[in-house]
Amino acid sequence: MTDIRLETQALSRRFGALVAVQGIDFKLAAGARHALIGPNGAGKTTFINLLTGVLPPTRGRVLLSGRDITGTAQAERVKLGIARTFQINRLFRGLSVLENVCIAVSERTGAAGTMFTAAGRRTDIIDESMQLLQTFRLADVARHRISELPYGRQRLVELAITIGLKPEVLLLDEPAAGVPSAESHIILEAIERLPEHIAVLIIEHDMDVVFRFAHRVTVMVSGALFAEGTPREIEADARVREVYLGQAGHGASHG
Amino acid sequence: MSAAASPTGAASAVSAGQNPAARALIRRHRLRWWEALPWIAGIAFYFAFPDYLGFGCDLLVTILFALSLDLALGYAGIITLGHAAFFGAGAYTVGMLATYNIWTEPISSLLLAAVAAGVIGLLSGLVLLRTTGLTLLMLTLSTMALLYEAANMGAAYTGGFDGLPSLPIGPVFGVFEFNPLYSNTQYLFALAVLFVCFVFVRTLVYSPFGQSLTGIRENVLRMHAIGSPVRRRLIVCYTISAALAGVAGALSAQTTAFVNLAVLGLDRSATVFIVLILGGYGRLYGAFIGAVVYLALEHFLAQIYPAAWQLGLGLLLVLIALFARNGILGLGDALARRYRARRPT
Amino acid sequence: MNALADIAGILLGGLAAGTVLFVVSVGLSVTMGLMGFVNLAHGAFAMFGGYIIVLAMNRAQYGFPAALAMGFFGTAALSVVLERLLYRRLYRAGELDQVLFTIGLIFIFIATITIVIGSETQNLQLPPALSGQLDLGIVQYRTYSIFLIVLGFLIALGIWLAFERTRIGGQIRATVDNRRMAESLGIDVDRLFTITFAFGSGMAGIGGGLGAEFLGLDPQYPLKYLVYFLIVVSVGGLGSVIGVYYASLILGVLDFVLTLYLPKGGTIFIYALTILILLARPQGLFGRKGL
Amino acid sequence: MSRRTIAALAAAAAAALVAGGATSQALAQDVKIGLILPYTGPGAVLSPEMDKAIDLFQKLNAAQIKPYKLTIIKRDSKAPNGAAAKIDAQELLTQEKVDVLAGWIYSPDAIASAPVVTAGKRLAVIMNAGTSFITNLSPYFVRTSFTLWQSSYVMGDQAAKYMHAKTAVVAYTDYPPGKDALAGFKTAFEKAGGKVIDAIPAGGPEATPDFTPFFQRAKDEHPDVLFVFVPAGDQATAVVKTYAALGMKAAGTKLIGTGDIVPDDLLQGMGDNAVGLITVHHYNADLDNPQNKAFVAAWKKAYGPDSTPNFTSVGAYDGMAAIVHALHATKGKIDDGDAAVKSLEGWKFNSPQGPIEIDPQTRDIVMNEYLDQVVKGSDGKLHEKVLLTVHAVKDQCKVLAIGPCAPKK
């Protein structure tokens, strides 16, 4: 099935003299499990920011299911089905885990605009949020404030929130980053349990994750596409080893 | 589809209902017994201190003004030192309408004041709310200063520093006159207005809209990332807050039958700001606690020795800021939490 | 010729007023830029220094330079104590708590001065050398203004050099640009802040004394002029010495011109302009980062 | 028998006690005066001066006050936004049940209190607030202080007649007293053939502006005189400084004004810059009359040789005199506001500021205005020399019935 969800054409972004992202043509099919790897400062996160509309591109286009969304605002893109997680948690630290998810869900359902019915009366939203928490094994801490959770579980909340938006395209920026390896498996399992139809693009350094999760891998180096292929191909690619895996040695040893 | 399960009716409702977090959320907006206390106190005050009703009106007006600020500053995290702009707009709306005998019916005047202040809030909000932090602080401050200067230039109409004297305020419901010497009618009127406004604000902050405002305060970037129209929400919130501030201003003009430039002054903005943070922002009742404590302190310390008032207030503010993050109610929470923490052992 | 004299007069008057603003505000800008600490009490330090200077001259008969020095070190010392004991605890706190805290400080300062020294205004008795007129050829102008302008320029130059040339200056710039980066580079930001805070407060103290000639000096001082200091800092851009300098001079001259040519409601333009500038450049004219 | 006598004695004693009590009551009737002054905020500087004057009056006139006992109940009117002062008035009347109200430094506070005063039906003595039309706002207002129209009108007149000035520039603080001063000066000066070529609003009352640009503007216009009104206080000092620093005297422009630019308590601090300045005011500490001599002497004795009474003190002093007069005139029934006010209409008094009278039509003060010049005395201190005296000056705003000063119909 080559049903393209997300596509970029010659997408570029420069900051003054520095070219962060350079002429990237990229396709993400429905149900894809795609990993984006590359050395630090390769422009991976900038690329995500261009896809989600946090940054406007200096050149090129972004298409969602064939529709040009280059000029569309971030909030709009979310409504159209592009959701993301952040490299560093961006959560409502002062609020309970449940509320964190509820806020996301009521934004998706459009309930967030209503002023004169109490949030507590929208049991449908609360139920859905609880369901989500259960599937992410967070139900037991639903009442805790984010600030009271260990980092690993905070990452899960981050995921739960994005899933609560029912995205078509899901962009995961190093979901396991900063999670102690003891907890990281929780994240990975959660990712594996994601609904098949969602197109997932994951930025990841940890090769274990990449090989375990991705069907295709794209390597990005200094703002440009460097190589693309199956995990095996990429691992076999000498050039990639040289510029990238060479540095993240242990990943190669796993192969 | 496994993870993003949509609500599956009864089964999940039960599952949610069982969870304490869900229960807490479902019940949060429900009235608690102690929420009746402020109003009981308000009515008790009327009978207990018939000679202090002028002061009582001042208190009620301050509470309402602080409440309006709480919506913008406490819930949406809009840091403003210019809220008196809207207080003044409301006060002058009532003042000018009355002085030139255009309109003196108190209730409709309040609504007109709310509209006037709301419009100013909307217009300034459209422009200013793109910024944050100190920039926003300065912009709100400058906007207020702008209005102040304008009102001073138009002293021929606004009365300037000397103000608009002896405003003729019509009787409430065409029956209850405002007696300048005994503020009974004024007080009950103000209490009623405050109650209505409070119910409005309370409904608002417990609604999904209010929830999303809290979200904006807690983490704007996340709100953007979940597709929330942040700026629109802020503007709506700011406009409502402005309108309420306008009502507070109008109420002060009616209860004192007087308006002068001071209603637009930094003095007033700073005071209400202090009152709110003193009581605790983002929690509805902070406005009440803050206003009572502030005015009580002012009343008693100022009688002991004028400078003592400023010294005492200063020390209190510093202590609150250092040890009781988020005001007196914040301190209460902290103590409560500590107590709960101890209990199991 | 007369037109030339007018222009000269305007410039001198405006620059002098601006200089006072600069000397008082520069510290505020740098400390805010460093820590993002909203220190509304900065004007209180200016007042404190001003009182030291004026009282040293009027009651203890010290000379002007000696008094200025005392004002600087006295204020700096006080600020270090307060910084170590109180400010420090609030660096990680929210803006609201910082605002509440510093407003509280202002009240404490006002009350203390009122109780200890009294609420009446203090007069700065200038040394004869600085009072009266100075002939600049094209125009006769009050000596003190000219003295201020020159002094202000030297101070600005000095601070600028310190920023650009010295190691501490470099560290400060680095920290203003990116605090986390600076810390990871092993810069002791807290120590840095204590130093700049002390220096900035000392400067404010001097400013309070120098400005007493124009702005007067009484317990209400910190509240009276707060808005001006904030305007200068925000328009100039946090952490930018050059920015504050230009902003102060621009505000000074502009204010002067407006009051000269349309005294009615000239201030409206000041506020309107502030709004426009901040909308166009939220980080201020010379600010490197958002406020 | 004996028991009965005892009872009788006891009864007699009791009766005597009661009677004694009653008579002693009659001897010292307690009169409550509610005093509304700003003890905090910008006005806090002025209130102590008035308190001192009020205390001093009671010391100096203990005999005249007898048999009455004055109790002064002070209330803080805080920042001049009217609200606090109005509440003060309310509470003084309803809680403290005062017989008389007095005080009011800021006009807005008096204006805001007007409805309460009217409803309270008690004599209300304005001891400072200077906006002309205030006395029109309530029939119970009586003013013993001044209006800016009195001093500035005379100054305008004399600027033309005595100083032979043809052109004038006016710089005034941009709030009501300033505007009154401008109007008063302009009216008189132009009536006397002069011309006001420019009127410069010089900042607000709360913050001291840098006067340089205003005076620069005036200097460039080369008028004969620069008439200045600013609130007596640090602004006055700054005015005199700036005038000297800009060398305007040399440029041929004389600085004149109401007495507010050379208040007695700040005069010495102004130094030689002030020497030669000509102002018009209804009081200065050097006035040569027995009442003032006694007053100033007592003042210095009580509050130190360096402290001086000023016009605000005198306003309070005369206010107390008015109250005591009303007290006697009404035989202690001063709480009958109408009678009290009536007793003060046309009341004459020899004040430290010279003879004063309460205008029976307007209930406003009629007093002398003095054209003063600052001179350096043999004692090395600065003094006010009276160049000429204008007698029995009324509030010209009401005389000319301008705007809100016109008596209400």
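Order as written gives the chain letters A, B, C and D; numbering starts at 1 within each chain.
Methods note: a residue touches a chain if its C-beta (ideal position, glycine included) is under 8 Å from a C-beta of that chain, and two chains touch if they have at least 3 such contacts.
Note that this is a predicted model, so its numbers are computed, not measured.
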item: Length of the shortest touching-chain route, subunit C through to subunit D; value: 1
item: Given subunit A and subunit B, the chains that contact each of them; value: none
item: Chain pair that, of all pairs, has the most C-beta pairs in contact; value: A-B
item: Rounded Å distance between subunit A and subunit C, as computed from the means of their C-alpha atoms; value: 48
item: Euclidean distance of C-alpha centroids - subunit A vs subunit D, Å; value: 75
item: Length of the line joining the C-alpha centres of subunit B and subunit C, rounded to whole Å; value: 34
item: Whole-Å separation of chain centres (CA-atom averages), subunit B against subunit D; value: 40
item: Contacts with two or more other chains, residues of subunit B listed in rising order; value: 152, 307, 309-310
item: Where subunit D touches two or more other chains, by residue; value: 44
item: Set of all touching chain pairs, with the criterion as stated earlier; value: A-B, B-C, B-D, C-D
item: Residues of subunit C touching subunit B in the complex; value: 32, 38, 86, 89-90, 93-101, 103-112, 114-115, 223, 226-227, 230-231, 234, 238, 264-265, 267-268, 271-272, 274-275, 278-279, 282-283, 290-291
item: Partner subunit A, residues of subunit B touching it in the complex; value: 1-8, 12-13, 15-16, 19-22, 24-30, 203-204, 206-212, 214-215, 218-219, 221-230
item: Subunit B residues touching subunit C - in the complex, by the definition given at the top; value: 73, 79, 127-128, 130-135, 137-139, 141-143, 145-146, 149-150, 152-153, 266, 270, 273-274, 277-278, 281, 307-311, 313-322, 325-326
item: Of all residues in subunit D, those that touch subunit C in their complex; value: 42, 44-45, 200-203, 206-210, 212-214, 216-217, 220, 233-235, 237-238, 241, 244-247, 265, 269-271
item: Subunit D residues within the subunit B interface of the complex; value: 39-40, 44, 76, 78-83, 86-87, 90-91, 93-95, 107-108, 111-112, 114-116, 118-120, 131, 137, 174-176, 179, 204-205
